[in-house]
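When the chains are written out, they are named A, B, C, D and E in that same order, and each has its own residue count from 1.
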Amino acid sequence: MDLEQLRKTAAEVVARDDVKYLIGWKKGSYGSRVAPAFVEDAASVIELIFSPSCTANLATYLTLVEKTPLPRGQETDKRKVALMAKGCDSRAVVQLLVEKGIHREDVIVIGCPCPGMIDQSLLAGKYGDTEERSEVRWNGKDFTLVRGGDEIEIPRNDVLAEKCRLCRHPNPVISDYLIGEAVKEWDPAEDSGVGELEAKDVDGRGDYWEGQFSRCVRCYSCRNVCPLCYCQDCILDRLNPTWINRAVNFSENTAFNISRAFHLAGRCIECGECERVCPANIPLGKINRKMAREVREKYGFEPGLDPDAEPFQASFKPDDPEDFIL
Amino acid sequence: MTADNPYIPYFATIEDSWFETGGDRCIKTFKVVFDDPAVRDSWNHKPGQCAMIGVLGEGESMISISCSPTEGKFLRFSVMKMGKVTQALHKLEAGDKMTVRGPYGNSFPVDDWQGKKILTIGGGIGQAPLRPIVEFVKSNREKYAGLTMIYGARSAGDLCFKGEFDQMSKRDDLSCHLTIDIEEEGWDHNVGFVPQMLLDLNPSPENTIAVTCGPPIMIRFVLENLKKLGFSDEQVYTTLENRMKCGIGKCGRCNAGCMYVCKDGPVFSYSVLKDIPEAFA
Amino acid sequence: MTEKPKIGVYVCHCGINISATVDVETVADYALKLPNVEVARTYSYMCSDPGQVLIKKDIKEHGLNRVIVASCSPRMHEPTFRKAIQEAGLNPYYLEMANIREQCSWVHQNIDEGTAKSKKLVAASVAKVRLLEALESKEVDAEPSALVIGAGIAGIQAALDIADAGFKVYLVEKTPSVGGRMAQLDKTFPTLDCSACILTPKMVDCASHPNIELLSYSEVEEIGGYIGNFEVKVRKKARYVDFDKCTGCGDCATECRVKDRFPSEFDQGMGKRSAIYLPFPQAVPAKYTIDPEDCLFLSKGKCGKAPKCAEACRPGAINFDQVDEIVEFKVGAVIVATGFDPFDASRKPEYGYSDYPNVITGMEMERLVSASGPTGGKLKIFTGEGEIEPKEVAFIKCVGSRDESVGNVYCSRVCCMYVAKQAHLLRDKLPDANIRVYYMDVRAFGKGFEEFYDRVRRENVRYIRGNPSEIFKRGDKLVVKVEDTLTATPLEDEVDLVVLGVGLEPRDDMRQTMELLRLSQSPDRFFLEAHPKLRPVDTATEGVFLAGCCQGPKDIPDTVAQAKGAASSAMIPLARGKVMISAQVATVDESTCRGCGFCVNICPYKAIELVTVNRYGHEIEVARVNEALCKGCGSCSAGCLSDSIQPKSFRDRQILPQIAALGVLK
Amino acid sequence: MLLNKEKWPEFVEKLIGKNLWAPKLEGEAMRFALVAEGEEVSLEYGNTRVPPKGTAFPQTETMYRFQLGNTDMQEPKLEEERILLGVRPCDARAMAIIEKLFRWDYDDPYFLKRREMLTLVGLACNDPGLNCFCPSVGGAPDSAEGLDLLMYDLGDSFLMESVTTKGEALLAETKELLTDSDADAVKTKEKLFADAGAKIKRTVDHIGIPEGLPGLWEDPLWRRVSASCIGCATCTYLCPTCHCFDIQDEVEGFEARRCRMWDSCMFEEYTLHTSGHNTRPTRRERTRNRINHKYSYYVDKFDVIACVGCGRCINLCPVNIDIVEILRQVKEELQ
Amino acid sequence: MSENYEPNIVAFLCNWCSYAGADLAGTSRVQYPANIQVIRVMCSGRVNPLYVMNALQQGADGVLVSGCHPGDCHYMEGNFYARRRLGMLKDLMEFVGVDPRRFHMSWVSASEGNKWKEVVEKTVEDAREAGPFEGFRRRQIDW
């Protein structure tokens, strides 16, 4: 990744009058963490980075804008928001366009072709973690961890995030600026996690998920981090009617997770954020990827690729599968 | 609310209920009596205090007690229909039961105010927490130097306690002033906003305590205007209302700055309140 | 202003229809213990006048504001009880019905099971009725015109009645001429008046009526909208003949290069016509039509040096460049009178219809005996060896009717009489012939039918009770193999001519009409009426009515009666000029709508659009429902991720408590 | 007293019959759970993701049950006595800190009864975590506050020091497995835990913060530090001192219960009034409230910072919002 | 599984086809198990797939959704949406361990009283084989 080009483009973009800010990445507070950066002026573009630690999906911030009551006479800030977007992030943008969560003219996509991101917990587990700022870089084939003057070569598959192993679209599917060159796509690995579960019988899967969902603390970070969960008022929070109780137990947790997975069917762009942020280590990605695969294979649809596509959940084909019907 | 579990409510039976106002957010007043005679006797609230009232299966809501203990062995609550709990409350009628726990929070220092003139400035449902003061002062009229009430609402139909005001306006030992926002037919009182009416009446700050409650925007202008009239911060009181769940300082949400509205409030002197960030958020 | 729900529960005995398998008293006692239930009663017939009075009285005396009737299907009596509670001053939508008859007492025999299930259904209704909302029906203007699909006798009659009442009628007929099946008939039973003689004047009337716009050789392509405001799109097929210029002289047909080459549809293929043709001499409109498949010029692009018809046509009406035309208009009501198809006798191969030319159908017989038919009314039969006048004639009844093997369990209602009539006509023409009728039963139920049947039998027509199993050829004779079931004698009857009394079947193109108007089929596959007894001409789609054989087999008087019934029903909205639109429409909670437009995509009626609103100073997009277009199906709601769009009376907050009641209460 | 590690399995075995809860690997998550087999107990856990506060303050608990239309209320039988083995000093301190709130004027019967029935056996931290900063807020890797018994891992053995009579009783019950401690052991312990303290790199200088924070009410720093917040409850649910709760009625048929469950000040609905008015409408106000509550309001009311420096909110924040970093900026603004 | 176990089935029927079909079964006095309780909705497209989850959570052992045959929907397309949504839900539920025998969908027209009986019998039989639903039933937890 050409940081010079990134920062130059960013400076150009944020200098525009019709741009509110640019959402990108900056160094985080410890280790090789990175944090979202909201860059409002050209002077701050220097903090922008793009590294294998930029695993998060920043598209979620496009719909997190808080619309608090405006004083009378004051108008909405209609300026555009610029966004650094990897392949998966750009798919979120496309899906948001399909669902009118954002409008094309309100967003500038700075496409960042993505050679694959690391999973911080894999990195920490295998190479230790440190409070000192460190950095992970791409070195062509693999990763290099730069820490306290040392450079450690790390085989790609040791720390590659699951979503990247399975990635089908590493290059931005939509962009206004493209930083660097498109990366060569790789063959997505087989989704062994989903496959293993499918191999179990239905009770086995029930037991597995009971173990997982029982741990859910309903912090809602999976929902809040999801770029496609952007309802003003989530139905799962509502009391009238009450879809799920606020109580945290296996029953309500399961209902919560089923509901969320269902709402994401045909919409999930497999950025893996829900699984990454879950403090209870629930493998939420497995459910979403399973549903994404069903949608792809049974219904021939893949969300987040075509801004003009009909939303999967709001359309049908006369020959949709119906082998399950009595 | 047993000795060892403050979360368990008492049951009270609705003796009478009536609508004060109409519309989507109508206000209904309940007159309730505790089922347990022991509770009835031991219950002792002060003007300004609140209680958690509720419907089993629906939830609880913190509502100010809108009667003065001097009125009798009953409680009154005026409830605006807003959310799940208040909607459930509105479905209750005479003979039905509600749950009550409390009384919670501090109260108006009515004893300290003896010998002073009392000025209440209310708007809409905000008159409900002021009513106990009015009633308390009325029943101890000789101990106070005066009682003036300013009360306004959007329209005549949105005024609470209309009948009581009509009664009071016949008395000469107190004065009441009603106002509505917009002119309407058959209305022979003032038209205009409460803060303006306050300015127009131009009450003297001398030996006076001003108590106000109403929508946040009204309170803000009333406070400004009281200042203009020469009221010191110590002479001005108001009550706050934040979202509450436990009522006893545990659940965490009702704080305005470091003040827990349920325990440190709901009554605040402006001299305290003005330094609390968030109080007028 | 929310009031405390005060519910009355009314459990119906329905004579013993319910009470035989549901302990109604127990159900009522149980209901009384449910939250907010003030009154629970049972009564022998809740729908009866005293039953309704009981409810109305309770509403007044107990201040009830919600009513549950546990009785039959809401599809049966929901309107009845809605009206009843409305008369007592309640909003009609404060009613919920528990279906403890069709879906309980009639389908479960065990009284414990029936009672337990009824309790749960009542509890679910209580859970829902408490949360129902008052709805107001709205009125919209109704277009004072009607569409009649099909111009057989049913369509013609309905069109004439509506037009005579002063409303505009669009009469759409698929074939080039009006008249339908009745025009093909010779005489009509039992009065024997000539079919053409009584029909032709009506055909002429409907073409010349100032209020009728006849769209012949046309098909309805699309119907949108709703009662009072249907939007219709009709395809006028190209006739390749200028409608205004054609004088109907017939010179073209005479000159046609492929003159009399093609089987005439009107003559059941027994006569021939040219590629340019008039279906039959009395056709209305009397305009020629070119069959594009038969016409050399249209199908092959070449007809000698030049098409001869065009040369022959003096007014110059032939126009090979004509294309289909789309006509659009609005109507307030629709009458479906699409008729029937005669049973295809080749589906009974044992009768050899496809194999032997002297096995014919009743419809063919009609043409054969008709003076205007292909033989000029002479009975000439081709046997294979040549033309003969039959001496031995057998009629077989119930061909394709009352026959499970071909999927038609129903009786076609007209065959008994038309067979009798044809036997009579044959007797007239062939005084010496031996005529017998093989039958299962004779159903002569109509006015003058039995008398006619008697008369025919007296005319030496033998009725033999037996259902032939086979027809085969022996020498130059046909052999009907049958058992006379009255004498239990097996027979092999040698005859010259077999007439199959084929029944009536739903039209093979009725699917199209169903999809056009969202109609349903009854088990016999004819169109389903809204109620078999009380709403026999109505359909489930408001503003759409049925007339004639599309609803089930009938004879001409019944068809005409039903057509008149459909016409008068259709005229109600036209005459009022207003229609009530359903109050049970979808509504959007704009405070939670995220403006994703899923509902806009889903709605089949284009009843939802996105609009920009101002929410606390921010411009946001939200969905909005056009209540006149919404039909309340609720598909939008189930597809709404934020649950912001909800059909009234079927809101999530009304259905979820129902689910809870059914699940939790054991 | 000393417990030789060889006797550790026996020691655990002995406690199992007494409703023993300890860090245990479930799926990939380490958390406090009921121990059925001795080998389930892990000592290699750094700390659990979810703190053990739920043993006294469950995420969801029934306050009382009732039937609709009936005035009888049944209070639940609170759980039996239990032993928590392997509680980190920070988490034990947190229990002591929130107990102050649950005793404030009204005794909270649920928390207090559950708390009373707990015996907390702590395990001092030899190897503090990446983002630990307990010494900065009044704790230490070997703080005994809130514990009944504290164990120090000395390598071959555990040094066991009772803090309360409950702890003493536990030692008495297991005394056949224990040996007396000696001066060497104490010396080793002191050395080890001085080292442990020194390993902690992250610090917060809280001097002046409680008094200063309200003065920074409108400071731009709040917008800055909350910009990337996604409004989830990870920081608060996993915080051992966060104690906010919601109360809800749940109904099934005619059966109902009133229950309370953890709530989070980071949720938008937390302060959302039914009128639509929200006293803390955006993540800026909510983040500000979280920091203020821990570092100012709580100090004002209970004279102690409501943060024990466990580092969970830093470790698990999905977007790297770092309380140490926020407090550094607060301090900077104050100076 | 207890010997006397009778599954509790909640069914969602569209008003125009399946509900009418069930009514026809009644008019024809066709007998079928009483385990099924019907909630009438206007169209199978109205059935929010989460109702199925909700019913299981609240005490149903099996759920049935029935609508018009494809192409016959009174509202033209509602059943197509229902089919897609509920097909997805079925995959999801199976994946998280809900026995597929607990959820069925069928097309029953207004004239198919006998088919309704068959559908009910199949649904009840399947739910019976699957046994009482214990999975994430609400009552089982903490109550």
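The criterion applied here is as follows: a residue touches a chain if its C-beta (ideal position, glycine included) is under 8 Å from a C-beta of that chain, and two chains touch if they have at least 3 such contacts.
Treat the numbers as computed from the prediction; the structure is a model and nothing was measured.
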{"item": "Partner chains shared by subunit D and subunit E (touch criterion as defined above)", "value": "A, C"}
{"item": "Chain closest to the assembly centre - both centres taken as Cα means", "value": "E"}
{"item": "Per Cα centroids, the chain farthest from subunit A", "value": "C"}
{"item": "Chains linked by the largest number of contacting C-beta pairs", "value": "C-E"}
{"item": "Approximate Å spacing (C-alpha centroids) for the pair subunit A, subunit E", "value": "36"}
{"item": "Subunit B-subunit C separation of Cα centroids, rounded to whole Å", "value": "67"}
{"item": "Euclidean distance of C-alpha centroids - subunit C vs subunit D, Å", "value": "73"}
{"item": "Cα-centroid distance, subunit A relative to subunit D, in whole angstrom", "value": "31"}
{"item": "Touching two or more other chains - residues of subunit B", "value": "83-84"}
{"item": "For subunit C, residues contacting two or more additional chains", "value": "602, 639, 652, 656, 660, 664"}
{"item": "Residue list for subunit D, restricted to those that touch at least two other chains", "value": "60, 68, 246, 248, 252, 281"}
{"item": "Subunit D - residues contacting subunit E, complex", "value": "60, 62, 252, 255, 257"}
{"item": "Contacting residues of subunit B [partner subunit C, same complex]", "value": "19, 22, 26, 81, 87, 90-93, 96"}
{"item": "In the complex, subunit B residues that touch subunit D", "value": "4-8, 11, 35, 56-60, 82-84, 86, 97, 216, 241-243, 245-246, 248-253, 255-258, 263, 277-278, 281"}
{"item": "Footprint of subunit E on subunit A - complex, ascending", "value": "197-198, 202-210, 213, 243, 245, 247, 249-252, 254-255, 257-259, 261-262, 265-266, 287, 290-291, 294-295, 298-299, 313, 316-318, 320-322, 324-326"}
{"item": "List of subunit C residues in touch with subunit D within their complex", "value": "35, 660-661, 664-665"}
